[in-house]
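Let me begin by handing over the structure; questions about it come next.
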């Protein structure tokens, strides 16, 4: 049957909705993906079994190699639907292993499809240590001249330690649906009260942590459509011009300057609307409704 | 023990540490020469401000005293929990701090972490856990979340978690668990300048660049899966 | 959690070197892995499920699927978080089509 | 000519009304009541034993007045008899717990169902009856006429005229029943205006107006996030469109609330259009403004929608689509629950909805043990009105399927669309409805059955469609239901030979029999996969509540 296209402009397969495996297969060149530790040769987490929970054969993360636009890359994709993409012992070790292998195999880049709430509480200590190892491994990979790109657009966003890991990557690509932060709104609400952060006010959650806000603030380099193909094209373009620089004091000084200055500039603000107004956005209320292209144009017009 | 008596015990040869808004800075004298002191007190909640001040000091050290060892004094309840902090990408400032520590390491500074009070999740990740080796005082509290809160979030009965914690180091709070899993090099019964000197000398001698925690976790039996998986990925 | 294993007689299928995995272990969902099994005229199924006490329903759903598809020579591994029979059948179908070469 | 006149007077109600109004005047309260004096007004014009209608249904609520009434002095106000659509707010139940009200006639209780059941068990509340909306509305004009009604509107002017905005809902009907039987009408409004955009209730029907400190609460009850629609629901929607809507040519219909029906709405611009059904099905609706209907409207599928109430965030979109929706001269929608219920009962050829339990006779119930939830409007929609006389092709076809070519009347199609199991592996198909146990434990006159089996014409599950019109005996009907009950205990107990025979006769039709490729049942088939898609599709006119956003 010849089905007409859906009327709204939700073009290709949604990145937000896709599973980690679907994201990997659609992001890389067709048929190019080779999985490391595929499910048929894996076993699920013994720690979850101890807690009487069914595990996943890939422990919630898919790793392997493939090509992107004909160039060799390695890839990590967290499965946000399995225990919130959270990092446990095996999950973390797969990521560390992939990054170590990247340093050895020298792919053109590592693509890190982040979709995670951070530490898997069922394996809290193992998860925290693994996150620390991932942080070091990402920095090692970059120091070896291999860029690591974080792609954020899944249901769980990038929170907790994975929020830190994402910001250690060479660059972050986000969709509007993506979220990037340290503590989740629920955690802040639980500890500091609903007045501090109403986690059910989802528009507010996105104004504080969402892709558009992070893009306007310069915390991600690209805002892409919620479309695996758009992620793919954007990363191909980015990769073609990317120069991975070794860690240098002057670069970190500049970053220090940028962060310090921005903390002063936006001091006391608690909502994206305030920040956008301070950035000179003419009609901040309109930001959440703007389409991606219009937002990119708007940002280019700001003197950031 | 409060900070200054502790520092006096650890550095009998003297130090000039001071505390400004929960951030420790200073230099101490040791057998291997001057070392930089850096850290937080009173279970600081790591905010942009604290992270950036710590990072700035690391960058100054790299600039002004190439190669000088760094000692991190860890006492943090985790990250600051506030909407204003997240609005400005708190994870970004913590990542920046981690990158500064990483830069120092790559520039030949050995780094040693000592947990003097609490060491909790995000605050611990960005700083203490970035050190080459981490030690903890016996009284240190290391955790992601206490078991009661964990039971609530995971919907697993608290008694069950308590029972399992007796046999598994994987999830329950405790510095000993982190030692068994390879993240803490050793626990010190009491603060001791000898132990510190020893640790610094070992570090200096071995110049560890790499991350040894996987191997330690496997050797100590606290983390059996991880090392095997990393090896399997490399062999795949 | 329940751990179940079943064996069903089934028409042999063309053996495939490629394993196939469909679905995700999440609430109301499951993952189904199909690999080459030991018996050409049978299918071995191994299940971990968070929902206790549904062995007879698993038996019925799987027997029905085995009767309608040439599963002989396959081994099926399932990790389940309370999927309904409708979802189980859907994932089995997707995984089996994929296993038989209808790759994505 | 009678030889003697009756001794009694004939305007006691009017006199009583005058006396009460006068007492209020003496207390210094005029037509416009300051919010802080509302309790005084209520205690002055309401008397013990009064029948009081507190406006509220599952959408808008006279929440300020409900709260004020629940805080009145039980020494002064007691034994009130509440006659109202929905018992939805905690303050409604407080009235009984505090001894202000003692008797209740209602339709639906939703979130307060648990507290209500406990009050009944403790004998602190006497329930007259649980109605459908139309029955209760009817009784307002027969034997349950309110003495006082507490209603809610958007705005009022100096003369007491009321503007309800798009959520007109039950207001005109309640006011009419009260005001024209010498009752007292008290309205809470969100604002006072010099000039109303339109008049929904004339000021001379309204006695008192109070500007509430907070706007009335409106629940976004009809918003379903397309992101949560599953592949199974999409498959069932395909079966319904191809196997029922197309076959009967359903043009006039009502959809229940739920993801199953949201899936159908979102397949109209894609799947149904590809089947060539545009203009042939689903053109005229009695339906709340479901956001998931936006793509079908935008693609030109839908010609008319009349609504029971509005839906949060849909107002600007509705105003911009006045060809489709019923709108006033001011541009905004005028809804009306009573008229839309009537339309659903008599003017529609099909109702489709979901349920929690279905028994072997096709009776269905959403009753859960320990909760009294009531009926709302579903039984009005989901029943075959024997009073109907006008014919339509769909109605006739169904009637003839049931009674043969000589049928003397048609049948309304009443479709139950369910997955065989709900979450946590709870079977939908059961030998006996929980409703029976509930009847016993609460001493009810009847088990709370939502839709009677003899009204149901089709049962759709992921296993297929059972056409109950074609069943000739109760036994066939039972096997037809078992035949689509899948792996539930009820399904597993089917007589396979009989089920095979029913399938051969077309009583049961599986996905294959319908010529549907189950591989097409993916989320890519949805005309919108997220609330954001709906916003885009509406050209930015739909503004969903924050809780439905992920941007």
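Per-chain residue numbering starts at 1, and chain names A, B, C and D are given in the order in which the chains are listed.
By our rule, a residue touches a chain if its C-beta (ideal position, glycine included) is under 8 Å from a C-beta of that chain, and two chains touch if they have at least 3 such contacts.
If you're wondering where the values come from, they're calculated on a predicted model, not measured in any experiment.
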Taking each chain's centre as the mean of its CA atoms, which one is farthest from the centre of chain A? D
More contacting C-beta pairs: A-B or C-D? A-B
Hey, which chain is the most central one here, using CA centres? A
Using Cα averages as centroids, what's the distance between chain C and chain D in whole Å? 42
Inter-chain centre distance, chain B versus chain C - centres from mean C-alpha coordinates, in Å: 46
Chain centre separation (chain A, chain B; CA means) in Å: 25
Determine the centre-to-centre distance between chain A and chain C, using the mean Cα coordinates as centres, and give it in whole Å. 32
Note: in the complex, chain C contacts chain D through residues 28, 51, 54, 57, 60-61, 64, 82, 84-87, 90, 93, 97
Quick check: in the complex, which residue numbers of chain D touch chain A? 227, 269-271, 273-274, 295, 298-299, 517, 520, 523-530, 532-537, 540, 546-551
Parts of chain A lying in touch with chain D, wherever the complex brings them together: 1-4, 6-10, 13-14, 16-17, 176-177, 200-204, 206, 210, 212, 288-289, 291
In the complex formed with chain A, which residues of chain B make contact? 48-49, 52, 55-56, 59, 62-63, 79, 81-96, 98-100, 102-103, 106-107, 121-122, 124-126, 129-130, 143-145, 150, 153-154, 156, 160, 164, 168-172, 177-178, 181-183, 211, 213-214, 217, 223, 225-227, 229-234, 236
In their complex, what parts of chain C are in touch with chain A? 1, 19, 21, 24-26, 29, 31, 33, 35, 48-50, 77, 79-81, 104
